[in-house]
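These are the structures, in structure tokens.
Look for chain A in each of the two complexes below; its partner is chain B in the first and chain C in the second.
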Partner chain A sequence: MVKFVLRRIGLAVLSLWGVATIVFLMTKLIPGDPARVAAGRLATAEQVEHLRTALGLDQPLLTQYLGFMARLVQGDLGTSVTTRQSVVTDLAAVLPTTIQLVIVGMLFTALIAAPLGITAAVNEGKASDVAARIIMVLAGGVPVFWLAIMTRWVLGSILGWFPISGTNSVGMAPPNVTGFTVLDSLLFGNIGNVWDSVTHLILPALTLSAPFVATLSRIIRSNMMTAMKSDYITFAVSKGVPRGRIIMRHAFRSSLGSVLTIFGMQFGWMISAAVLVEAVFGLPGIGTYLYKAILNQDTFSVLAAVFVIGSVFIITSVIVDFLQMIIDPRVRRAQVGAA
Partner chain B sequence: MSDQIKQQPPAGTGRISRPRTELLTIGTGNGSPTAAIGQALGGSVRRLFGRHTPWLDKAAFVLVGVLIILAFVGPLIAPYDPSVTNSALSLKAPDAAHWLGTDELGRDVLSRILAGAGLTLLSATAIVLFATFIGVLVASIATLLPRWAEEIIMRACDIFMSIPGLVLALGIAAALGPSMQSIIIAMIVASWPSTARLTRGILRETMTNSFVESARILGMSRLRLMLRHALPNSLDAIYVQASMEISGTIVMISGLAFLGVGAPPPSPDWGSMIAQGQQYITTAWWISLFPGLAITTGAIAFGLVGDAVRALADPTSRRG
Partner chain C sequence: MNHKKIRAIALPALMLSAAFALTSCGIQPAGTSNGGGEKGGSSQIVIGSSNLAETLDPLQAADAHNDFNIAPLYDRIVDFDSDGKMVWKLAESGEFSDEAKVLTLKLRSGVKFHSGNPLTAKDVVYTLDRAIKIGSGHAALFTDYASSEAVDDTTVKINLKKTNLDFLGALANLYVLDSELVKRNEGSDNAQSWLGTHEAGSGPFSMDKYSPNQELDLKRFADYWGFDEGRPDTVILRMINDSSANRDEFLAGNVDITMGLAAPDVEEIQKNDKYEVINNPSSRTTYAWLNNAGGITKDPKVREAIQLAYDYQGHLVSALGNVGQLADSILPAGIGCRVDIPKPEQDIAKAKQLIADAGVAGSKLKIAYQPTVREFNAAGTLMQEVLTEIGLKPELVGVTYPQYVALVADPKTTPEVSLAWDFAPFPAPGPILNRQYNSEFAGQTNYARYSNPKVDALLNDALTATDLDTACADYKQVQEQVIADHASVYIAYPAVTMITNKRVQGIPFAPTQQDFNVGDLRMAK
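So, the complex of A and B:
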């Protein structure tokens, strides 16, 4: 058990190092003078030269690489040309918004995908199955940023059901403690703030969940269909167990195995999809940060954000693995056996 | 040893080859490879339009055919020049002259969508082809190498895959500077590792077949084994994999273009059109709406075709 945990953490560290190396190689892809790019378009020749020395860009490649790694280990991702602040400070400020969005997005995904998949599976071939599958196909094909623009326009601008941008209305932002607006509102203890923060989250999180609902509900549907045809379900039916109980207690529970794995992996994918959704809704998360950095040709901030997203992805996958080990004894035995 | 060989039916007979491998058994037959390919494709087409294929799959194939034709002839049949601006026609709602309206610079939205069809669909196809080629190459080499070298290559793939594809591609494209080529290069770099991983899995599975084992016991070299048996018998599974990738690639290309790492403004690609129309959404919804519908249509059609190809190749995996 301890051996497995250590092995998994070792692998994660190896991946982090790999991601850092990939990001370093990306800086080598920049055409022209990287010091010029790092200093920004408005920099003087003197500033460019200063940065060239500071970043060691006049040194041999290996020295540059070691210097890059040394700065990274110390948590130095450089200075943003746009905000004139340390990129780490910038990213630390925006990351909670993204994580909050992704968590709520995951919640919506589970709440929509499970009923959709179950309904489709238990009514296989009937109208409700066809309807559910049409929803799955549509949700899987629609580009999330376009869906975001459309829901924002229809549900926000035209119908006025939801606020159209930002995390809070003017004057409704809670004092910043954790960076998670809903949590901050709760801490602040004003129900108006809580309501305001939650309503600002619903539309972005709902849009974000669409492609993930498609994947997850398909898997739930096919797992459930297999489960419903199994001997123990036939047995339970013949024993007279109520249908609802059979579906939920017997079939759904046993079909959760691979669902949990996929669901865990989706957390990482959702962070990258959140980049697109945030850019549309103007949520001050890592996506909007990336979007602005690309517009300003602030390439080094873009790459720093890529590194941070990669790291979050790696760390969450470790956490997911551990959680699964705690939840599912079968996984625990299999993995300890393998390690 | 000879007993063992006798017990197994020879390669290609129905009993050991599962339904999936029967579709395309290129190279293992006696005829020339081209004849085998022709035969296999003819078989697939017959099966595709036979009565056991669901109508939805047939419709998807037809739709994809139409989209591919549009990708080539789109610019020719566009009613207007997609890049000519005319301030007098700015932000016109859809009407008889401009079926899908005009954008802020007075350009015809329908003409721009048609002109952009090739850009999006052909780029997506090119990306999937190149990524599959590199992935298959890497996987084949890795399988031929000693165990430890294979392990290193596959770990490297895992590390690439530990950055979400969109973000990895975004970083590379941003570093290369905004252009369609950047997106294509970035997407190939971002997607070959997963192809390599999947192909390695497919190759390993093929290697467990008894005809491969028999050939190995008969003293065939590893390289020859790979080229004559493992790779040809894995091709169908690789095609299925590739056909399923196109749909997601279309959506991802447009996402990257939307974020601004694609071709600079006058380019009519669908993602950029949506991005440009975003600020006019409340007054001129048609600028963003129609390119998005085009992407969705493309993604769903190619997605259904991917599923259908898989179902044709392996009836037991009928989609859920």
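So, the complex of A and C:
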């Protein structure tokens, strides 16, 4: 068991190193001169060269790479050439917005995908199954940015049910303590701020969750359908176990293994997918930050943002592996046996 | 299915429905702004724009997005009015001596920073020294700065490396810092990090609250030397990157002023009497820079052919939505000492003939454009169409601005045609002509890689002239030569379109700003 855990953590560290190296090399391949970006559009050649030296961009590639890795292990991701802030400070300011959005998006995904998948599976071939499958196809097939624009326009602008953009209305932002607006509003103790923060999250989170609802509900439906046809379910039915209990306790629980894996991995995927949703809803998250950094060729910021997204993905997959092992004795036996 | 299980399945759906129901009721906490300006009283203005500040460090105000947010927090030594005439601001007067190598400024007395510290000559000295030390952003305008000294609290003596009459105008881009406050937060980076999210200014507004990439809340500064009750009590600058979101926020009544909307949206809004559409001139010119040093555009005949082939009227209509005007000079609008050029007109037949004369029919060439800018999307297509029509084989290459700058930096990668804007940081012909056409800056700010020794000599004479008339005559000769060389295509002066709900009294044109100066806003009576 310990051996398995150590091996998994070792693999994660190796993956993080791989991500850092690939991203570093990719930023070097993007055409553009970060020193000129830092110096500004009016800068003279001397000013550009001065900044190139100050930023260490005049060093050979290997020296730059070793310097980057050395700083990385100390938690220093460099300084942004456009914001002039430490990239860690920049990320600390934008990450809570994205994490909050993704958590609520995950919540919506679970709340919608589970009933949808179960309903479709237990009513296989009936009208409710067809309806559920249509919803799944639509949720998965409609591009997220289009859905975001349409929901914002219809539900926000025309009907006025939801705020249009931002994390808070004018004058309603709570004092920044954690960066999570809902949590900060709770700490601030004003129900008005809490409500304002929550309503600003609903549309972006719902939009973000749409493709993930499609994926998850399809897997739940498929797993449930297989489980419902298995011998132990036939046995439970013949014993007269109530249908609800068969569905939830036997069929649904036994389907949870791969569902949990996919659901867990969706956390990382959602962070990547948040880029478009944040842009449409004007949320200052890591997606918006990364988009601006790429446009400005802010190398250190691009490196850090992609590294953080990659890290979240890798760490999530490790956590999911561990959780699966804890929940499912079959996985535990298989992993320990292999280790 | 028993009740317990039904509940288990139905609960999530119910919770979701409840959330929808509650939000659809439009429940909002007391005090939530539901119409721009209501919350902060009648004197609050909310501006929604895509001007996301990367930093609030005034040295980086060379970036228009930053400057929009920074300008109301700070004050300048001099400024320019809407006619492009220099006006004194923090300085009451100033004069050059020693062949314009020394500039002595007399500062206004009694000016206070938002911190309460008095603004004195030592603050001006500190601000200039800091700019040179950091060497980025607006520091590029002060390369002739040698040193300065505070003679007394209200007198600053600035020593220049060489004669430079434009230095005084360039001070319109120097936002004076509260040296005492900044020194306390200098850290190891000359306070670049601290000033990124704080302010140390003396402008008409002080910072109330700042959420990066989201919102900057400004409060009218009661001790401002030019205090005017007509300014709004508070101004909220909402940073919304997406123009359609800005439109929706404006129409929902959540913002009072917005800009950067698509032409069809502006047309639609214009039909409603509740709103006012203001089209101001700008210091921006749209160019098609032609590579004067390489490719087929090295040949002046080809450059002239491209000038003649371009569809200027089509640009005005499809790229600018009829908001702006065609360029009538190689200088941006509102700058003196200009040589007018006839309004550009398309002549495909003559262009074809020139291409045939140059013997380059069927040649390939690249057109670099920035797809993120609406105007360049249309202009790229127009350019591609006309160049195909005159017998060339153009290829459109989408680039970001940093990529474009990097391409131009290398003679081997400089595209034959590059669609881009350029701005005059202040309305004077010298600095912009020098950086666009002096061969010293080829591949840097001389995007066309233009090189003509005669022009270099004239520019050097003009920049070191000790009287404005001599300089002006030289600048006119420079323009005549550049026009004769068919250096590039001077397309248009795009206007800046702002939409208001009439809660402010117009919006004056500010030649040193890309959009407008928030400090100039006054509430409608």
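As a convention for this text, the second predicted complex is superposed on the first by the 311 of 339 C-alpha atoms of A that agree within 3 Å, B and C clash if a C-alpha of one lies under 4 Å from a C-alpha of the other, contacts with A are read in each partner's own complex, and residues count from 1 in each chain.
Here is the rule we go by: a residue touches a chain if its C-beta (ideal position, glycine included) is under 8 Å from a C-beta of that chain, and two chains touch if they have at least 3 such contacts.
Everything numeric here is computed off the predicted structure, so don't read it as measured data.
Touch criterion not met for A:Pro60: it reaches neither chain B nor chain C. Once chain A of one complex is fitted onto chain A of the other, the partner contacts of A:Met248 are limited to chain C, with no touch recorded for chain B.
Touch criterion met: A:Pro31 reaches chain B and chain C at once.
By the touch criterion defined above, A:Leu138 reaches chain B but does not reach chain C. By the touch criterion defined above, A:Gly40 lies against chain C but remains apart from chain B after alignment on the C-alpha atoms of chain A.
In the superposition on chain A, no contact is made by A:Gly125 with either chain B or chain C. Once the two complexes are laid over each other on the shared chain, residue contacts for A:Gly75 go to neither chain B nor chain C. By the touch criterion stated above, A:Tyr289 is placed in contact with chain C alone, chain B being left untouched.
In the overlay built on the shared chain, the residue A:Gly240 is in contact with neither chain B nor chain C. In the superposition on chain A, the residues of chain A contacting both chain B and chain C are 30-31, 149, 152-153, 157, 279-280, 294-295.
Residues 30-34, 36-45, 47-48, 50-51, 79-80, 82-86, 89, 93-94, 108, 110-112, 114-115, 118-119, 149, 152-153, 156-157, 159-162, 164-167, 169-173, 176, 190-193, 195-196, 199, 202, 242-245, 247-248, 279-282, 284, 288-289, 292, 294-297 of chain A touch chain C in their complex. Those residues of chain B that touch chain A in the shared complex are 155-156, 158-160, 162-168, 170-172, 174-178, 247, 251, 254-255, 258-261, 271, 274, 278, 281-282, 285, 288-289, 291-292, 295-297, 299-300, 303-304, 319-320. Residues of chain C touching chain A in their complex: 1-2, 4-6, 8-10, 12-13, 15-16, 19-20, 23-24, 26-33, 36, 39-40, 46, 52, 54-55, 57, 60, 62-63, 135-141, 143, 189, 192-193, 195-197, 209, 211-215, 236, 238-242, 244-245, 248-249, 251-252, 254, 372, 399-403, 405-407, 409, 425, 435, 441, 444-445. Listing the residues of chain A that touch chain B in their complex gives 14-15, 18-19, 22-23, 26-27, 29-31, 137-138, 140-147, 149-150, 152-153, 157, 218-219, 221-223, 225, 268-269, 271-273, 275-276, 279-280, 290-291, 293-295, 299, 302-303, 306, 309-310, 313-314, 317.
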